[in-house]
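Note that chain A is present in both complexes that follow, paired respectively with chain B and with chain C.
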Partner chain A sequence: MEITTEKRGPITVVAIAGSVDGMTAAALISSFRAEVSGGNIRIVGDFAQVEYTSSAGLRALLETVKETRQQGGDLRLAGVTPDVLRVLELSGFTHILKIFPDVESAVASFPA
Partner chain B sequence: MRREIEHAALPQNLQAFRDFIEKACRGAGVELSVTRDLKIAVDEACSNIVEHGYARRPPGSIGVSFEANGEKVVIRITDRGNPFDAEDAPAPDLDSDWRSRRVGGLGWSLIRKLVDEVAYGSDPKTGNRLTLIKKTSHADPGGGREED
Partner chain C sequence: MSVASPRQPGGPRVAVVLGSGSVKCAAALGLLRVLKREGIGVDMIVGCSGGSVYAALIAMGHDVDTAEAMTRRLWTRELTARRNHRSLLSVFLPRLFGFDESFGMVDDALILERLKATFGSASIESAGIPLYLTATDFHTGEQVVFESGPIVDAIRASIAIPYVFRPWPIGGRMLVDGFMSDPMPVGVAIRQGANIIVTMGFESPYQQKINSPLRFAFQLSSITSNNLLKSNFAFHNLAHHAEILPIIPEFKDRIHLFDTEKIPYVIEEGERAAERQVPYLRRLLATREESGMPR
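This part shows the complex of A and B:
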């Protein structure tokens, strides 16, 4: 798994490539925590290159959603692949996460 | 067609178990949607063994076998770690709002949703065995010619 972080104005785009599983989820959690602790609470998770996630990945997403929303921000997902979407749907995460077709629309969804 | 694989119960081997399922499904002509679901279910089961089965003890091994008979895929996952009692798994929280949402029990919940049958047994002599069965419409019982 590879994580690339990019600032787009007040929004932080965290692009993930590869698989998020019991081996790699810790690195994703660390990356999200570093952003939130640095005050970057408006985050877009670019999942276009994520081929797989297990429930370990969902733990990282839920923790970050809670942390950012409690501070007035949010974690929103972009470009979720069908395989990842299936895990999100079966786990009831599509009810609590805001998901957008691409990074541009996810970035634009945050209030200016 | 029957294949099997064994690796140490370590997080870095989860990808190898998923790759094994993908390759075995492809060799047996299993449709992609079933392959995807089986990869997730096997990953969740192996993750549970890595995280809980060998908790507080040196990691042993996990064995995964794959059989396709044209109508269904049967996967058996074996280990010699702490027995798992499904009754002890926390009930999954699929409906709470984000403030009170919990993720405990999600792995086991996913397994149950992704396959048609789940059976678990534990024996002090032979260890633990989780059997996952999923119906398939395209599995080729004569498949498996592809070499590992």
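This part shows the complex of A and C:
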């Protein structure tokens, strides 16, 4: 899994490539935690290159969603692939996460 | 070759959980094919509703071709051809015909006969891989997990589709389909100490047309069970300490309750979906074995 981070004004875009699973979730959580502890609480997870997510990946997402929302921010997902979307739907995560077709719309969804 | 785990104590415990989904559950045979080919052992199998049939066949050590042939003989449209007239009359004249908890529109003699022909007198505890089959207590809604006893009885209870097959009595309890308490019973594998859980389950199809009271009832049942599937799966994902890998085959065609002629296609899709997870499953197993994951 590769993680790249980019600032777009007050929004942090975290682009992930590969699988978000038990082998990689710790790295993803570390990356998200570093952003949140640095005050970057409005995050877009660019999932266009994510092939798969497992339960460990879901737990990483949930932790970050809770952390950012507790501080008034949010983690929103963009470009979720059909395979990953099926897992998010099956696990009910589509009810609690805001998901956008692409990074631009996800970034624009945050209030200015 | 069996998929029973050859691993030593102290290694990972792999569970396969097969949820409800009628004919779509045959995709489990595609998963079995991949696990065998890759030499990935299984420490326990959990089955619910349609998944209980395949869970039992796999746990008993049948290969894919044999299991496919057995289920094609077992699950045909004739199963629902004979109506249970007394039950049907009891809907309209409940006092006269004594409507009670044993309601089921279909005469279940044939399904029972077919289950006996398929599984004989085999017991759950005699299966080569530890097997757990689930049903639902009709009176309390509780999940009931069978770890022993005749496979035929447990499957009959697990596939007691509401309205279609009458609830099945075991040990003083009236039991209905396992999907009513959990359509994909991952929790059973968690409770039994599995750490790597490979699971396959399906949402109940929605009716394309609501043109009868039965379709109306089925629609309500699908809405409830699909929401139950998602909420339970969400909880299990968050509650489990290790890894749950959902294998979700993608069917381009709609698969109906008795589309047994589509079983080869369903197996192929199951195989394809399972293959996509093999690289990760292998890495996960290697890591867990190295770390000596506690049981």
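By definition in this document, the second predicted complex is superposed on the first by the 112 of 112 C-alpha atoms of A that agree within 3 Å, B and C clash if a C-alpha of one lies under 4 Å from a C-alpha of the other, contacts with A are read in each partner's own complex, and residues count from 1 in each chain.
Keep in mind that, in the parts below, contacts are C-beta pairs under 8 Å (C-beta built on N, C-alpha and C of every residue); 3 or more make two chains touch, one makes a residue touch a chain.
None of the values given here were measured: they were computed from a predicted structure.
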| item | value |
| --- | --- |
| Which superposed partner A:69 touches (first chain B, second chain C, both, neither) | first |
| Chain B versus chain C as contact partner of A:92, first or second or both or neither | both |
| Contacts of A:58 with chain B and chain C, given as first, second, both or neither | both |
| Chain A positions touched by chain B in one structure and by chain C in the second | 19, 21-23, 52, 54-56, 58-59, 62, 83, 86-87, 90-92 |
| Interfacial residue positions of chain B with respect to chain A in the complex | 11-12, 14-15, 18, 36-37, 39-40, 43-44, 47, 50-51, 92-95, 97-99, 101, 103, 106-107, 109-110, 113-114 |
| Of chain A, residues touching chain C in the complex | 19, 21-23, 52, 54-56, 58-59, 62, 83, 86-87, 89-93 |
| Residues of chain A that touch chain B when the two form their complex | 19, 21-23, 52, 54-56, 58-59, 62, 65-66, 69, 83, 86-87, 90-92, 95-96 |
| Complex contact set, residues of chain C against chain A | 201, 229-231, 233-234, 236-238, 240, 242-246, 248, 276-277, 280, 283-284, 287 |
